[in-house]
Structures are given as C-alpha cells and as structure tokens.
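Naming follows writing order (A, B, C and D), and every chain is counted from residue 1.
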Amino acid sequence: MTKPHKYTASELLAILAARQLKDGQVVFAGVGVPLLAATLAQRLHCPGLTILFEGGVIGAFVEPGQLPPSTNDQRCTKRANMVLGSAEVLLLLQRGYVDVGFMGGAQIDQYGNLNSSFIGDPDHPKTRLPGTGGGNDISSLTNMIVAMKHEKRRFVEKVDFITSPGFIRGNNTRAESGLPQGGMFRVVTELAIFSFDDVTKRMKVLALNPGVTREEVQDNTGFDLVFNGQTSVTEPPTERELSTLRMLDPDRLFTA
Amino acid sequence: MTKPHKYTASELLAILAARQLKDGQVVFAGVGVPLLAATLAQRLHCPGLTILFEGGVIGAFVEPGQLPPSTNDQRCTKRANMVLGSAEVLLLLQRGYVDVGFMGGAQIDQYGNLNSSFIGDPDHPKTRLPGTGGGNDISSLTNMIVAMKHEKRRFVEKVDFITSPGFIRGNNTRAESGLPQGGMFRVVTELAIFSFDDVTKRMKVLALNPGVTREEVQDNTGFDLVFNGQTSVTEPPTERELSTLRMLDPDRLFTA
Amino acid sequence: MPKRKKRPARQWRRARPMNVIQDTVQPYNVLRENLARRDRSLREKVVTLEEAASFVNDGTTVGIGGSTMSRTPMALIWQLIRARKKKLSCSRCIISTDGDLLLASGVSDHIVSSWFAQGILWGLSKVMRHHIEGGHARYDEWSHMAIGMRFRAGAMGVPFMPMRSMLGSDVAKRRPETKEIDCPFTAEKLLLVPALNPDVALIHVQRCDAYGNAQIDGLQFMDIDLAMAANRVIMTTERIVSNDQIRRAPDQTKIPFFCVDAVVEVPFGSAPHECYGVYEPMLDHLEAYVKQVNSDPVGGMQKYLDDYVYGPKDWNGFLSKIGLDELVAASRRGRSIYDD
Amino acid sequence: MPKRKKRPARQWRRARPMNVIQDTVQPYNVLRENLARRDRSLREKVVTLEEAASFVNDGTTVGIGGSTMSRTPMALIWQLIRARKKKLSCSRCIISTDGDLLLASGVSDHIVSSWFAQGILWGLSKVMRHHIEGGHARYDEWSHMAIGMRFRAGAMGVPFMPMRSMLGSDVAKRRPETKEIDCPFTAEKLLLVPALNPDVALIHVQRCDAYGNAQIDGLQFMDIDLAMAANRVIMTTERIVSNDQIRRAPDQTKIPFFCVDAVVEVPFGSAPHECYGVYEPMLDHLEAYVKQVNSDPVGGMQKYLDDYVYGPKDWNGFLSKIGLDELVAASRRGRSIYDD
C-alpha cells in the first residue's frame, strides 16, 4: 500500500492537500484542486467534512465525474445540506463558523501573502489578473491551506500586490492590520509542505515530498526558506488515494 | 347612498381611516383598526393597494371573517404576494418602498408624537405600556396615518414619552433629529380628521366628522387645536362602506 | 379567586444592574474563540426536552425565536420553568405570554424586546406590569427593527449595525448602549446599535433533520439571524425528517446544522401559540389564561404555573390539559393556510 | 485568423475619472425621492426585450445579477449591445464572459467586481487584459464580500456596512472609497464600505408573475440585495406564471413586485451561461468563444459580436446559432439537479 505508484504532479498536490484536512472540520473550498482535494478527503478519511463553496453552498457532496466548472454552478449544490446567498456564505467566515479556508494561489511570498490581482505596477500593470474573488475574505477571516504549483516566479520574496493577506510583513503585522483571527496554516506544493514560523511568521519547510531534496525546493523558491530539524518526508500517495481521486476526476479537469 | 346610517364609533373610525388611502399606495398597516381599514380600502376604492405587515408580509389580502389576532400570525399571509423576515419588511421602510404607515395610538401630542411606552415617569412609571413594536420604525421612516380614539387624556400637549416620533418639538426638529423623511400626515378619530401645519408642525383640524362641532373636538383635546378657514365636514359612511366593513369583521373583533 | 400560594423567593429579587451582558458587545476574539470550541461537525444531536433545557445555565442570555404568538419555542420555555432556571436575560423581537411565564416563574428578570403584552386582543399584561412596575424585573425597550439589527450584527460577526430609526425619540434616549454618529460618508445622523449574541437561542421549526438542518415555512421573523448570532442553538421541531429529504431541496434549508447544538422533536412545541401551517393559536386556552392572570397577576399566575407547567407529567400532559378539541381545531385552522 | 474589422470609435475612449457615481454614496434624501417617484403599484409590466433595454440610459450605473456563469441576465446584456448603449458603469459580484462582451462592445468602460475572467477553466481573459491594461476601461476590484456588503447597505437604505476583511491588503489600499475606523463599541479596526445603489439592476430568474414577484431556485447569489438596492429593476424570466401561483406559496417569493419595473419572458435568457435547474452552461459554445477571443481579443471579439450579437434577427436567432443539440444537452443536465 505504501509502494510507489505513478502519478502526476497535480495528482500529488490534490492528495497531499486532502491529507491536511481533518474529519469534522468546516472547510471553505475554492474551485479546482481545493474543491477536488476536499471532495477526496470527504471520500477517504473525512466522511464528516463539511465543504462550503463561495457560490452559496453548505455541506456539499460533489458527485464523481460531475466536478463543477466554478463554485457558482448548480453542480456544487447537488446533495448539499443548504444553499444560501453568496454574501451569507462569506459572512459565515466573518462570524467564525469556518475552520479552514482552502485555496489555490498564483503568487505567494515568504509571509504567505497571495497575489491574484496584478503583475507589475498596479497603476500600469504588466498583467491584470482576475482579482480576489472571495480569496481576500477567506484569507482575512480564517486559517488557510493553499495548494499551488511550485515555481520560482510564484514563490517570491514580496508579492507585487497583497490580494489575500497572509501575515502581511510578519510578526504581529497581520493582527495589527485589523485581522486578529486566522492566517496561513499550510502551503502544499508538488515539492513540499510548508508551515509558518510561530514568531516571525516566515514560511518554513514542514515536510519534503517523496524524492524531493532541500536544495530542489530552495532552488525553486525566490526567497530563503526556513528549514529546521523536524523536516520530515511525506508518504507517497497510496493506491486508494489515487484510485479515488481518478474516480472523482475521470476527465482530468483539475488533475491534467 | 349618502343618507345617514347607524354605525358605531369604531366603525366610523375604520371607514374614515380607509378613505385616507389611495389606490396604488404601499401601506404598512398595524393590527386592529389599521389592518381592518386598509383591508376595507382594498375592497372599495383601492384594489391595487399593497398592504405590508410587520410580521413579514407584502401584498396581503386578508379574508373576510379571518382577521388575524396580530400582524405576526399566519392569517396575515393568506394569498399574500410575499412572506419575508420581519427585519427585512421593516427595512423596506428605511429603504423607502413604503408610502404610508398606518397605526393606532394610545397617546398623541400636538406635534403628533406617540407614546406607547410609559404613563408617568419612565424610571418609576405609573403604567408600563407594551412599548413601540414597529411603531418607532414606521413613524421614523415614512408618512403616517394614525387612527385612534379621541379622549382628552389621549390628546395631550406633550406626551410623557416619545415612543414613535411625530414632529418632535415642531418646526424642523424632526429632520434635525436625524429623521429627514416622513412624519405625521393625518390623524383620524371618531370626532375629526387632522393634519399638521406645514411650518409649525402643530396639529390642525382638517375636517369635522358628521354632526361634530369645533367645540366638541376642542373640549376633548388637551391642547389648543389649530383651526383654519378650510375646515370641512366629512361625508358620513355609506351603506357600501358599512356593509363591506361588517362583511370583513362579522365578529366585531376590531369594531366593537 | 384562586388561592395565593407562597411564591419562591427568587421571584422577588431586584432587577439586575444596567451592565448586564445583553448590553455589551462581545469582543471579536471572544466570539471567535467561543465558536471555534463548538463541535460543528455533521453529527446527530437529538436529545430530550429535559436534556435540552439542562444546556441553559442560570444567569445567561437567551434569545427566543418566533414573534408574538407565532413559532414561540414554548415547550423549551415550559421545560426551563420546570427545571427552575434562574436569572436568564431573555431577548425576543416581540414577546407575548411567554414573557409572562418567564417573569412570573422567576426564570428571567430581564427582558429585551420591542413590545411586551399578551396580545393586542387583550390590552396590557398585568403580569408584565406587576413585575416591571414593581421593579422586580427589567424590560429594556428597543424598536422592532433595532432588535433585528442587533441580531443581524451578531449574525454577521460585526459589532454594530447602522440604522435610521429611534433617532429623536425617547426610546433611544433610554438606551445608552446605542451611539449616534455623523456618517463618515454622507454626514447624515445615524444610530449605531450594538450586536446581540445571546449565549443560547431557543428556536422552534416545522421540520429539521437529526443534524439540525432546519426548514421554516412561512413567517421566519428573525430566527435566521438569531441562530447565526447565538453562541448555542437549541432547536425544537414539529418533526424530524431524514437528511436525504433535506438534501433534495437544499435551497429550502433556512438554518444550517452547524449552528445547532441540540434537536428535540416536540409535536405542538409552540402550543398554545401557533406554528405556521401546522396549527393556529389556541385562543380559548389563551383567553382563559389572560382572564385568570390579569385578574390576579400573582396568584392567578402561580395557579397557572402549578396547573399547566409544574403539574403535568410531561409536554403531552400539558397538551392534554389544553384539550384535544382545541388541538384539533387549531390544527385544522393551521393547515387551512395551504387550502388555496 | 479572423479578419480585423474596424471597431467603433466609442470602444477607444479613455477610462472615466475616479469620481464616477458607483464610488459615491447617494444622499438619503436623493435615494428616497427617487424611490418615491417610482410607480410601485400592483400592475402588469411585461415588455419586450427591446423595450426593456431602452430603459437603460447611457452613462448610468448597472448592477448585474447572478454570478460568474450562473443566472447571468445575458439576453438583456445582448440587447444592450445591439442597442449600442454607451459608458455604462457595471457592477457584478463575479463577472465572466459578460464582462468581455460589455467592454468589447463599448457598452461599458467601468467594471466593479471581485473577479473578472471568462471562467476558472480558461485562465485569464485576454479581452479583459486588452481593455484594462490598455487603459480603455477601468476595473475596480473589491473583495467578494465587500461587493455583497455594498449591495446590502444599498438594500437597507444605510450609507455603509462595517466589515472585517480587506483590512491590511492592497485591495483596500486601492479603494479610497472605503474608510477604516476604530469601532466605537470595541475599539477594533473595521472597514466601512460604501452603499452601492445602481441606477438599474438586470436580473434573470426562473419564474415571476406579470407584476414582477419573482421566485429564484437554488443559488440566489446577491440578487435579492441588488434588487432592493437598485433604483430600477429590469427582470428577465424563463417563464411568466400567474399571480395566483405566486400567492399560493408567498414564502417562495424572493423579490417583491414593487422593486421591479419591467418583466420580460425570455426562455434560455442566461444562455450560454446556466440557469439553476433549467440548463447548465453551454460549454462547447463557451470553449469555442474563449479560443476565438483569447487568440485575438480585438478581431476575434468583434467577429463574435458580429456573428452572435449584431447578426441574429432576435434572441431565438442567437440560440439557433448556439444550436439545438447544445441547448437540449444543457437542459437535460440542468434538470438533473432535481433527479434525486
């Protein structure tokens, strides 16, 4: 069961992200890998996981092969416990009903700040990205797990623009900015799993993915990573994880 | 059709109150005579009258003989256009969707302020009345028609307590208090119909009810009423008004 | 005239001072920590009425669902009285005979509401007058919308809501908990009302599943905001349905399971008040009640408590005392809302 | 590669200055007077798509219902383009291919939203990038909840809502319309976001009556607040039902008739997007669209407008170009939400 199987980078990402969730949690999941990973967790070790979607869904139970193209589509509501307004579902974050926010990311920095708005000067951007959506609300109001591709241009020292706040400039700057609750909890990539230093709030390596070296992670990161003695190595995906994932996304919509 | 018929004081009150409403208006009606009068108007000259109830009802169409015991009962919703939350229906007043607020009153003063909270010193009240309910919200946010019994102890120079604001202390004091919209429009009693002076905002007699003299109205009022040359005499209830009213309230729940 | 029994001493204690917890806004971190500690997982939480009442601690703040004589969580209130709860501070948008019961039994000495009498049909409540005018209990009056905005702020996780009524009135003058401001955007006068996050909410619904996913038919009053605002929710329901039934129409769920901490199935759980589409108010019983207690707000009330609350073996015993004829008639009228 | 047609001049005008009307809070008296002038009586208001679009004036602010690819009032947007409307400032919680169409057609030069691309499946919108990066139009970014709170403040008739996100981020720094305050109750930092009361809202629903009483199935997004906030509402509906049907289940009415100024029956009125329970998105059409416009955001887009918007005789003509096969398949998938 622990012998290596063939899998793609995005399959690994989805599976490792799913493992971060605990049964009984309430998780606010973004579309793509987070939605898929939360659904996977629900089918594996978290049968009592409550999945929320930004479109206005509580307690979703997405059907295999019927992954929605956004979190605002009717597919998100199939066999859900509740459908409500989208301001209302976001307010659940503010009130505190949500344990974990679970999102993808385009660009992240050493304090876990995410950018999905602008590449370059916001007044004259090189690239206008889509923007925050619910990302800013989720990351402002709850504990975050981010699943994203690990590339040097995506892991930068300082994001061009803080769309979704992590720990802002580290230490207590997040709370001082008016965000006393939540913050980055984990970042999951195809190379490693990261957490954040309790005091400085800088990103640190928690575990390396199977077959990945410290150097490989550092080489693909645009800032100095914190390593400490406890860095472990993650168990590779199991056959059950892989087969369940492939059953959920047979068309490889989010695991190409 | 205009020859006099026998009717009770509360029947007269309901009929004269109903006549104040215009077709096409949106009226927020309190329980008792206002509910009955609005329903009567809807059956007579205002088929397109939209009646709102505080319990959370839009476009009610109350059935004859099925008058609700409060505006929070299911009877209010029978054949309504919409049922919604009670904060939501009150917010319609604040947003401005309502033309007329239509209430009863326990005590009123010369500026149209209503008291339904305390008789005597509020810290050591002689009588603790039920309180505002939606009365304060309705009178703060829209134009008011009040239907009430005409007694000297109810028509006082200054109410013990302003539960539902009229024109506060007259002139511009209402707007200066933060209530730039609405205000007292009409007071209807079994003796007369009153409006308010455009400038001073003091109560004035608009029309006397059939057979009522100026002196009789003044004698039953605890402050000096404004009379001007245009005081007219109201047409007595018609047979159609009376028969429709009695069809609506056959048990004389609100027209005893 | 009914015999005046000796009333328990707790009924006579003086009203509590102004700074009770219903008047103060809970700091955000406290609200969040309370919520983080709740078990919000998808789990069955069906208990008995007795167990449910045991979750309400003396001296806490209680939000009551429904309005006036509609969807009042009467069985829960009845059980709180039997369990001899004390010093509850109770908020409800409009409070009716349930307020009489809470004060006269000594369960509550503080009511936060916009209107307090038995019902418009019966004039003033002599029971309320006895307790409030006598200084045995406090009744804090807010406008109806203000109660709604306070629950809404609580539900949204913000410390206040801005509003445009109560300004200029003596209702606002007697509520130092409010703040009048000049709007930073428009310079208009606004009233800020503080969030109300009761320790526990009592809510009665037509149906919910064993997890607490609730459907509410017809008038919903302020129950949704109240449920989201409260730190705990105890829900009674006319009927427990399957989670499958809930999931077939998720847009009909009005309160999500994770704000609900206990579920009790109590048919006729709002009696003698109404439950939309199920039964109308039991007016014969209520009229007899009003006559008895308004003619003697102490002894008459005590007799009612003895006969109808302390006396019966269980809730069905209370319903038996209302009588089958009235239950059947009220049910027939209740269902008639769907006759069209 | 499609031939680049000469694009109309209006498409090239520069973005308007910062103080457009969507950024400013309307004074209460102005809001009230606008509303007092509306005919809110119970009256039939069924019009054609052409008439409905004629109610939208150039240079006004437009709130768009639905979200992303769901219940987008696409037929109305399509008709606004055909009517060559100009300089509309458009707000929507999440804007998708409708945003492309609005910018590229020259109908809008200002988008207020939280997210703007064609859909998560397709990466960035090259059409959006062309117009925004080129300075031809403005895209003001707010958090998703902030858009909701702005509509909610507008719906409630208050000038702002307090909230706890956006703080500390650059999203807030780029929005001088917001105000950061220390809470007068708790001294906590809060962000106040200004009310948004669009001149007109465009909303598509599953069914409503001729008066505008609307039922919305499934995801309602921010449509209820938007309808209450707007100064006018134009509603398209899959189906017009009788007022009797509405009155039989008044607790299913989500938008009351008196906020609605025009009703148009347009089957498939959200195509190629989805309408909950009726049809899912028409992804073959959308994928072809995205491929065409992202490979050539000017010429490809112009060709799409010519072929699919200006070209067809009427809305059914547009649907014919999507094709019967895709409409039937989307409808089959749409209804499957109710198969359980």
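To be clear about the criterion, a contact is a pair of C-beta atoms (placed from the backbone, for glycine too) under 8 Å apart; a residue touches a chain by one contact, two chains touch by 3 or more.
Every value quoted in this text rests on a predicted model; they were computed, and no experiment measured them.
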item: Where chain A and chain D overlap in contact partners, by chain label; value: C
item: Selected pair, greater C-beta contact count between B-C and A-C; value: B-C
item: Chain A-chain B separation of Cα centroids, rounded to whole Å; value: 58
item: Distance between the centres, which are taken as Cα means, of chain C and chain A, whole angstrom; value: 41
item: Separation of chain B from chain C, taking each centre as the mean of its C-alpha atoms, in whole Å; value: 29
item: Where chain A touches two or more other chains, by residue; value: 57, 77, 79, 83-84, 91, 94, 180
item: Junction residues of chain D - those touching two or more other chains; value: 28, 157-158, 163-164, 188, 190, 218-220, 247, 251, 340
item: Overall pattern in which the protein chains touch one another (line/ring/star/complete/other); value: other
item: Listing of all chain pairs that touch each other, if any do; value: A-C, A-D, B-C, B-D, C-D
item: Chain D-facing residues of chain B, complex; value: 23-26, 48, 50, 57-59, 61, 77, 79-84, 91-92, 94-97, 99, 180-181
item: Residues of chain D that touch chain C when the two form their complex; value: 25, 27-28, 157-164, 179, 181, 183-186, 188, 190, 192, 194-195, 217-220, 244, 247-248, 251, 340
item: Complex contacts: residues of chain A adjacent to chain D; value: 31-32, 54-57, 69-70, 72-79, 83-87, 90-91, 93-94, 117, 122, 125-137, 140-141, 161-165, 168, 173-174, 177-180, 253
item: Residues on chain C engaged by chain B in the complex (per definition of touch); value: 67-70, 93-94, 113-117, 119-121, 124-125, 128-129, 132-133, 139, 141-146, 148-149, 151-152, 163-171, 174, 180, 188-191, 218-222, 224-225, 274, 276-277, 280-281, 283, 334, 337, 340
item: Chain D residues touching chain B - in the complex, by the definition given at the top; value: 28-29, 31-32, 35-36, 39-43, 155-158, 211, 213, 228, 243, 246-247, 250-251, 253, 256-259
